[in-house]
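Got some structures for you, see below.
You will see chain A twice below: alongside chain B first, and alongside chain C after that.
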Partner chain A sequence: MIEALKHSVNWLSAPPRFFTITLAAFFVLLFPGELGPAWLRRLTRPLQTVYRPKVGGIVFAVLGVLFLASCFDPNFALIVLKPDNVPIAAMIFLVAFFVWFGLKEGRRNDALRAAEQPIIEKRESGDGKVMVWPDLVYTEFLCMILWTIFLIVWSICLKAPIEEPANPAKTPNPSKAPWYFLGLQEMLVYYDPWIAGVLLPGLIIVGLCAIPYIDKNPKGNGYFTFKERKPEIAIFLFGFVVLWVWLIIIGTFLRGPNQNFFGPFEYWDAHKLVPLINVDLSQIIWVKWMHTALPRNPILREIFGLTLVAAYFLALPPLLAKRWLKGYYEKLGPTRFHIMMFLGLTMLSLPIKMMLRWTLNMHYVVTVPEIFFNI
Partner chain B sequence: MAAAPGKPASAQAATPSVMTRRGFLSTLGVAWTAFAAACAAGAVATTRFMFPNVLFEPPQQFKAGLPADFQTGTVDQRYKESFGVFIVRDEQGIYVLRAVCTHLGCTPNWLEAENKFKCPCHGSGFYRSGINYEGPAPRPLERYRIVLADDGQILIDKTKIFAQEKGEWSSPDSFLKV
Partner chain C sequence: MAVLKKLWDYTRNTQLWNSIFRHGPPDTARNRGLVVLTNVFLHLHPVKVRRSGIRLRFTWCMGGITFFLFLVEVATGLLLMFYYHPTVEYAYVDIVDLREQVPLGVMRELHRWGAHAMVITVWLHMLRVFMTGSYKPPREFNWNVGVLLLVLTLLLSFTGYLLPWDQLAMWAVTVGSNMARATPLLGHEGPGSSLLKIGDISLINAGNDARFALLGGRFVGAGALLRFYVLHCVGIPVVAIILMAVHFWRVRKDGGISGPV
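Up next is the complex of A and B:
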């Protein structure tokens, strides 16, 4: 019974399934009863109760118990209780809790506002303001003392993950970046170094800097809200939770020797055999579908991939502006909209490429190894 | 304040001046000279730092023993640590693969049971020939020049690299027929 349960968890945590579940859970929990056709909305509406403190508390308690029970599995315990991985395990719960808390407070404020009552921030402080001294400084001081104690205890209890002296001929298997870079390392599996290591991180920083210039919605400043900032919150949380925290989690717990994927209850076998024979888009189209050899000319060879990438970045935004995102286009104006679309489509290209790799073993959409240009 | 007219300004100016214009300029000159000298010394020290007294550079060419030392059908790792190469012998001859992943430069591991090179950093996989077939590596492992020296030993020359995607593996120096 328990073995079967572990097996099904392992099966579900294969990346394409795990990612689909994460994506579905993300949208359903963010917008319960609001997305999709009528039957889906009716089906997911009860999930709104998750944002009640009692129900949310029970859900977190159940998750925590499941987590602790899983620690009795030797393979699970080996990875999760490794000193470097303990903070990541804590991060899962901390990120989930604070996202839930923010959304809960936002929904509560939205309900209060709909009932024309003062919002939480106003109730707690009277006029919406508190004094820096003593309210803020005192809290910060207490936090500082408690955190110092916590860090000292932690550093005594858990050993620092120091390994043998470096040897260029012996790379640890698996070789992992520090936890906060595991998202980047995961991106490097799907994209060339110049995209995953330079272009995408650069665009993440530029995109974060651009938020105040793109986001024209003045609401939600200084108080919790969800209704007034739905698209903004959804886009940010998608990038942060699904594309950053999720990648750190799978990079920490699911990537094992030889960078193969392992389920949480699976033994990390360095000789696990996973057939991962890459194909490029050009090979699929020219060889598999048209039964011809790859053309010699790189431009002719990659014409389909180049067209696809060009259509994705150049044709899709105007189409979206005309059809599905008309209201958003009118709200932002052409310049802001197209910058937003470029950043958003670049962000979405990561899950698209990950899915292509997991399901079709797609190596590159466009590949010109002669000049080191691969997408 | 400086623009304040009237008495206070002139009263300040009238107080016995400790510093003359000439004295001020010469102090300034000394200060700037000292600052420039410190900067120059720092620059010299930084430049000197770029040329270490001892530089460990393993020779770019080395003799790897007789061809008979390498068994057919093996991937030899005895020079992996010292020179960063895999020496592979198949039915036709011997070739030398550079032990640097073409994705981001980690050292791949040779997995005998799976008959492949596998990089532990991002999971790139290469066949015994060095051709990439799984994971993110964009091109095959590179090969080094391999020739027979006059004494019959294998001479491996790391200054000359042969890349498969440029069609250089057909070069006679990239492969030692035995």
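Up next is the complex of A and C:
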């Protein structure tokens, strides 16, 4: 029974399935009862209750118990209880909790607004202010003491690890970047190093910096809300939770020797064989579908991929501006709109490429290695 | 009790005490204001704040915790520096010694777990700022300062990762710094670098590209260890402290912690 359960969890945590589940869970939990056809909305509406403190608390308690129970599995414990991985496991719960908490506060304020009552932040302060000494300073002081205690207890319970001395002749398998960069290391699987290691990290930083200048929504400034800024919150959380944190989870807990995937209850077998049969889009179309040899001329060879990429980055934004996102285009103006589109589409290209890889074994959509142009 | 009270009252009237604290006991609004105004550290705060802005449920205290963790890292890091030599011969054994020769030693643990925690709390702080829309005008610039602090926090952690000089350290940094090889123009395996040449002599090669500059060598060796040590202990913290000062100053100048109008 338990073995069967572990097997199905292992099966479900293969990347395409795990990612699909994550995506579905993300949208359903973010917009319970709001997305899709009527029957789906009816079906997911009860999930709104997770934003009630009690129900949310129960969900977290159940997840916590499941996690602790899993630690009795030797393979699970071997990876998750590594001293350096313990904080990462804690991070997953912390991120989940605080995302939930922020959304919960937002929904509560939205409900108060709808009932024409003052929102929490307003009710708490009214117009008055309080003295920093003692009100704020005491909170800070208490916070520092509690954290000091917490850190000392943590340090006594968990020894900092040290492995064998550095040896340039012996590459460990797997070799991993520090955990907070594992999202970037994951991107290396889908993009060439100069894109995954230099361009995309740069764009993440630029994109974060651009947020306040692109987001022109005057509402939701200085208080929790969900209703007043749904799209912004959805985009940010998609990048933060589904891409950044999710890829760290994958990279830390599910990538084993030879960068192969392993389920959480699977032994990290260095001899696990995974056939590598990645093919480029040009090969799929010319060779597999049209049964001809690849054309010599690179432009002709890549014509399909180039068309797709051009359509994605160049044709899609104007089209969206004309039709589905017309309101945004008018509110933001062309510059903001197109910067937002470029950043957003670049971000979205990562999950698209991941899916193409997992389902079609697609390597590159466009590949002109002569000029480092591989997408 | 009475004796203690007497002693306390006496202390408060000495010239020494009055030379340090230029106000009476903080039991009146005026003196409480003066406590904050006349203390350079507390002066980071305004005298009065919006009540909702100091609630845990609003800030989660995450920015404050991040700053506190930074201070913990400074304090414990300083102590570690007394024992640690950033050389290939000594780095690893120094760490092993700290582990095995110091009874009840927790400095290395505090430093390592504090660093992990700081990375996590920076993210959560950013999440909180986003969820409350606190990056909106007039706080756009401070959000940007925050993004730089986020990058610096990650770099601090990354440079520190190498210092134990064990297998984990060396190979994590090898994986991480390999990406610099592919920097456009400046990495010897990056796009465009082959264009930078004079006649037949190419300007960018493994011995002078972006990765070489980062590592001080063609691979992660003695040069990298020294560079990372200097950046970790001096370079990045100095920049981070300056930016934090700007960050806190701007929180005040942008009207204190955000709140509904």
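To be clear about the criterion, the second predicted complex is superposed on the first by the 368 of 375 C-alpha atoms of A that agree within 3 Å, B and C clash if a C-alpha of one lies under 4 Å from a C-alpha of the other, contacts with A are read in each partner's own complex, and residues count from 1 in each chain.
One rule holds for everything that comes next: a contact is a pair of C-beta atoms (placed from the backbone, for glycine too) under 8 Å apart; a residue touches a chain by one contact, two chains touch by 3 or more.
The shown structure was predicted, so the numbers you read here are calculated from the model rather than taken from an experiment.
Per the definitions stated earlier, placing chain B and chain C onto a shared chain A by superposition produces no clash, and the two fit side by side.
Among chain B and chain C, the chain that touches a larger number of residues in chain A is C.
Residue contacts after overlaying the shared chain place A:Gln185 against chain B and chain C alike. Looking at the shared chain after the overlay, A:Lys170 reaches both chain B and chain C.
Applying the stated contact rule after C-alpha superposition, one finds that A:Phe18 touches neither chain B nor chain C.
Once the two complexes are overlaid on the shared chain, A:Leu94 sits against chain C while remaining clear of chain B.
In the superposition on chain A, A:Pro193 makes contact with both chain B and chain C.
Judged by the touch definition given at the top, the superposed model places A:Trp246 against neither chain B nor chain C.
Rounded to the nearest 10, the angle made at the CA centre of chain A by the CA centres of chain B and chain C in the overlaid structures is 60 degrees. Once the two complexes are laid over each other on the shared chain, residue contacts for A:Phe372 go to chain B and to chain C alike. In the superposition on chain A, no contact is made by A:Tyr51 with either chain B or chain C. By the touch criterion defined above, A:Phe265 reaches neither chain B nor chain C. With chain A fitted onto itself, chain B and chain C come no nearer than 5 Å, counting C-alpha atoms only.
Overlaid on A, the two complexes show chain B and chain C touching the same residues of chain A, namely 167-168, 170-172, 175, 185, 188, 192-193, 197, 372. Of all the residues in chain B, the ones that touch chain A in their complex are 80-81, 84, 99, 103-104, 106-109, 111, 113-114, 118-123, 125, 132-136, 138-139, 165-166.
Those residues of chain A lying in contact with chain B across their complex are 167-175, 185, 188-193, 197, 257-260, 271, 273, 276-278, 361, 363-364, 367, 369-370, 372, 374. Across the interface of their complex, chain A is touched by residues 26, 29, 32-33, 35-36, 42, 45-58, 60-61, 64-65, 68-69, 72, 88, 92, 95-96, 99, 106, 108-114, 116-117, 119-120, 123-124, 127-128, 130-137, 139-140, 143-144, 147, 150-151, 154, 157-158, 161, 164-172, 174-176, 178-184, 187, 189-192, 219-221, 258-261 of chain C. The touching residues of chain A, when paired with chain C in their complex, are 84, 87-88, 90-91, 94-95, 98-99, 101-103, 105-106, 119-122, 124-126, 128-137, 139-140, 143-144, 147-148, 151-152, 154-156, 158-168, 170-172, 175-178, 180-181, 184-185, 188, 192-194, 196-199, 205, 208-209, 211-213, 215, 217-225, 229, 233, 236, 240, 371-373.
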